[in-house]
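Following are the structures in question.
Two complexes are shown next, each including chain A; its partner changes from chain B in the first to chain C in the second.
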Partner chain A sequence: MTNDTPNRILGLLLVLPALAVIVLLFVVPLASSVVGAFRVNGGFGFGNFIKSYELYTSDIIFTVVIVSLSTLLIGIFSIAIGGYLVLGENPRAVAILRWLYRWPLFIPFIVVGQVLRTFLAKNGLMNNILIEVGLITPLQATSFLDWRGIVIAFVWKQTPFVALLVSGAMAALDRSTIEAARNLGASRLRILIEIVVPQVATTLMVGLVLSFVTMMSVLSVPLMINAQSPTMITADIAFRINAYGDYGVANALGLISLVASGCVGWFYLRQTLRERA
Partner chain B sequence: MRTFLHASLALGLSAMPAAAAELTVMTAGDQNMVDYINEYLGPLFEEQNPGHKVRAVGTGPGDAGSQKIVERFDAQAQAKSETWDTDVAVVHEKFVGPLVENSYLDAYRDRISSGKLVTRSNADMALGTNVKGYVMPMFNSQTALAYNPALLPNPPKSYEELAAWVKENPKQFGYNGIKGGASGVSFVMGWIYAFGEGDANKLMNGPFEEAETQKWSAAFDKLAEFTTNATLTPGNAGTLDLLSRGEIAIGPVWVDMFYSWQASGQLPPEFKLVLPAPGMPGQPMHYVIPEKAPNKELAEKFVELATSPKVQAEGIVKRFNWYPGIDAQHVQAELDEETWNKLFTDVTPEDLASYGKPFPITPFNNAILEAYERHVTN
Partner chain C sequence: MTTIAASRPAFSLDLWWIPRSIALGLVAFIIFGPLTNLFLWAVTERWYFPHALPLEYGFSYWGRVFSPRGTAMESLTNSILVAFLTVALAMALAVPAGYALARLRLPLRALIMLTFLIPQAFPNLPVYVNIARLFYQFGLNGTVAGVVLVHVTHGLVYAVWIATAAFASIDRELEEAARSIGASPLRTFRDVTLPLAAPGLLASAIFVFLESLDEFTGSYFVGAPDVNTMPLLLYTASAGGNYQIASITAVLLLLPSVGFMLVIERFLKSDVLSKVGH
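And then the complex of A and B:
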């Protein structure tokens, strides 16, 4: 007992720097941003939210739809990649895929934006190739630098991340279930959907939730590919601050995207809690 | 350990130069502004004032860059700092008014010799605020419509003609909205000058009246319809980019950017500019000196050099194709005819005088931007 008290104090002291960093760099700014969202002309009220609603409803819906659609596509592609890595029968193709799919992981979002801006433009590389091959005529070429460009950028950048998690989980599965299904004559697609995916569902979910939250916060891609209407909330937040110096509405928009991320975050927490129980 | 700390502290203190000052120049704007000071103006100043050093700090492009300078000054004023960290700042016109109203700035213009070379009204009034004495314009820039004569031999000469032309030729006009740089903002302001039911002069000169903001509905409805027939480009450079690739035939651009792109071969030499009636806005960028600048005397010398006819001719007109900050006739004498004519071929000095407008005063400016968001993008 006599020895315990100094130890406890020492323990607290050791934790203190980390705690201080979290409080000062994370909790305080977050709290001040939340409070700032409700501050109107010196008092408190919902003015900033009303203005956000009046000016940016379509952008808010656009953001949620774009990010959800991207998340869905990321899920499908990462299952396909992970599935082929586990169930693929051509060792050479599997090796090539394993080597290739991680590349976008190491490319920053701003570079993705820049690359796709030249790739997807009306006279960009993609359309030039399609025209060269004879698939489309120059008149049919359209620019993909709108919502489609954003979705393509997100899916391209985030799929490897989720695929990395998912394929790891798939590789760790007990192969006997797969072998049993195969012995009973199940096709590979059926094995993937009915045997493999249900067993890695938690990992998949976690990967998708993390991707969702990451995509909600990306500013560079919408700014570079499509800062027009409708655009993502992040571009509006930047515009509110840069053009008007208006932190109130910017904070309100931030809180709205926080709520959207919070919803999926809650899902993530519930999942991990259930796992631990 | 402690002796080491003390020693390094003492070393650090003694290493600080006593006589030679470091002049900190904070500049908003693109990288070219920082380069201009680092590569041209700074070395020139250091050559004339041996021992002193110029340090340029870029705060980022567009209004955001100026906003950062304002916030920096706000913070130092609130902290009641005796000396601030900035000797000279370069800010957009929109931010000069608030800086003067908060008495952050020094009235230095009458103390420097180049002060009397400026008579243009935008050096006295900045979007409705009297700033006479506090600012020296670094340069004036102007927006105009750039067009591709191969696709569009007879460009529209007014907003009215443009609106009609775009209806017949959908997607051939491109602009960058209001979130991708000031050339799009400028186009929208010009639209309201042209089609708003209120008095455009009141928007430019003030005073601000709430009632005036109710007179734009029809103009914005028209603009919303117009925008469905326009191509939206990603940024100031994006418009020039699409023009150069023939994806659009015409679009609003900054005149200086247009000439710089042409000079570097990014735009074909046959492309041209037109300044449509009743006019499009342009704006100066201003040199300001904070009241609590650490090296005020040097700062004044620096601005004096930067606004001298020679530097305005060499640096501003010749290097960047900007319109000079001080009155043009003082600069013309320092330039060869070719350079001078290049700047005024498409947009004549007469065009500039009648169709070169200022931006609206700040409250109207913000009201128009917000009305655009309300009507056109939501």
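And then the complex of A and C:
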């Protein structure tokens, strides 16, 4: 190409405004949150982390356990859904499942919080139906609005997203190995675990890592379903700022959630690099 | 697959429908049970323990939400205003960027693509906290402009990535044909490239619109209490125990999202989808 240099400059000029928005309104505040976590009374130190550790250790553990458990369940359910969509033998059942599973995909977290808050309450529709059907007695009805409610909300909202990615990857697989295994008499469960899942592992991991990061920073679900202690770090960050204007501890907690997400991302990258090597 | 199913005797196929219907029924209950509960709350006048269903149905709360001087109407107009401004700004940034990323030679192209992914790859909450602090110094906190800027930052990922895929899926020869019969580059873009990319660009605009409409955390730190959006109204109504207002707001937020989910495949054709991220 003869007009390569002006072309490049034009390209950069076209991209620059959008890039500037990301850098100024995301990368800079992200950096200032990292710096702010170490800022104590004009100087720098670990004071904010010591305070976070003293006040919020149980919440930090609670957050990591809840998000990890949700990620695990999302993985299992999306493999099950994707697997049935690819290996299911009845076209009608497959079509019904394909129509069903996607509904929560675009429902915002705040709406999921409100929906499950009323559904899972002690006198919510779930317990009412179980009582009417006779599965439990009114005395056995318990509220699910604690850590279980948060896990249910996360799994309910994120499973369709990961299942959509995973089923797309599964549909793109070469069917001949599946048919060959089927002809040799392998069960569908075995085909799913030994042939299909290993081939879509990368897509599955991308979906799960993205879900993990998303769940780490959702504020509305813990606020609406369970704001009492122990709660998630996000609710603590909002509380530190609204009640005390304490940006130091808020940023320290933010950095902790960042590190947790970073660990998951690093684990994923190491895994993919090892596979490519 | 069909041959296996067809070779089976009919009665065994019927028996398989028992576990199948139980499993599918369970999935349907898990998905539609909570949604049914929401719609019930939206049309409830009175409902308290231990009644399994509402005691009285009606639309009086809808009247309250849509009354011209209610706070709900203000949040509704705010949300729609913010969403439209967000789409306008995000698309003004994303269309040139997407075209450049798809068509022009760029140094560090992969790095630029990844940069737009950053807001998805890091937890947003610590960032919003610090943006709120930054905006406070510039007087942007509690303004529509401030909320729009936060929403644009988050929406740009979808806008840029889908716009890039939309431009990349267009056959280059059509543009070259227009150029060879004497059209200027700008005219080629306006009359050939842009109309062909329109469905994909529309899809990315809808994505940005929904993201803005549903965004809670950024609006909570930057907008509240001066710029009230619908998610903020939902949160305050629900925290105040007003489940009817909260559920009506949730239904209003739900309808565009579910509507888009049902039609997304018409806008995002597989030729565009296969180019996403390339």
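Quick note on the criterion: the second predicted complex is superposed on the first by the 248 of 277 C-alpha atoms of A that agree within 3 Å, B and C clash if a C-alpha of one lies under 4 Å from a C-alpha of the other, contacts with A are read in each partner's own complex, and residues count from 1 in each chain.
Keep in mind that, in the parts below, contacts are C-beta pairs under 8 Å (C-beta built on N, C-alpha and C of every residue); 3 or more make two chains touch, one makes a residue touch a chain.
This structure is a prediction, so every number in the text was calculated from the model and none was measured.
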item: Residues of chain A touched, compared between chain B and chain C (which is higher); value: C
item: Touched partner set for A:58, first chain B, second chain C, both or neither; value: first
item: Which of chain B and chain C A:117 touches, first, second, both or neither; value: both
item: First, second, both or neither for A:89, with chain B first and chain C second; value: second
item: Partner chain in contact with A:251 - chain B first, chain C second, else both or neither; value: second
item: Partner chain(s) touched by A:228 [first = chain B, second = chain C, both, neither]; value: first
item: First (chain B), second (chain C), both or neither touched by A:106; value: second
item: Chain B versus chain C as contact partner of A:239, first or second or both or neither; value: first
item: Partner chain in contact with A:187 - chain B first, chain C second, else both or neither; value: neither
item: Chain B versus chain C as contact partner of A:145, first or second or both or neither; value: first
item: Residues of chain A contacting chain B in one complex and chain C in the other; value: 117, 122-123, 223-224, 238, 241
item: Touch list for chain A against partner chain C, complex; value: 1, 4, 7-8, 10-12, 14-15, 17-19, 21-23, 25-30, 32-33, 36, 89-91, 93, 96-97, 100-111, 113-119, 122-126, 128-129, 131-132, 138, 156, 182, 210, 213-214, 216-220, 223-224, 234, 237-238, 241, 247, 250-251, 253-255, 257-258, 261, 265
item: Residue ranges of chain B in contact with chain A within the complex; value: 62-64, 67, 70, 176-180, 232, 234-235, 242, 245-247, 366, 369-370, 373-374, 376-378
item: In the complex, chain A residues that touch chain B; value: 54-59, 117, 121-123, 143, 145, 223-231, 235-236, 238-239, 241-245
item: Residue ranges of chain C in contact with chain A within the complex; value: 1-2, 4-5, 13, 16, 20, 24, 27-28, 30-38, 40-41, 48-50, 52-53, 93-94, 96-97, 99-101, 104-107, 112, 115-116, 118-131, 133-134, 149-150, 152-153, 156, 160, 210, 213-214, 216-217, 220-221, 231, 234-235, 238-239, 243, 246-247, 250, 253-254, 257-258, 260-261
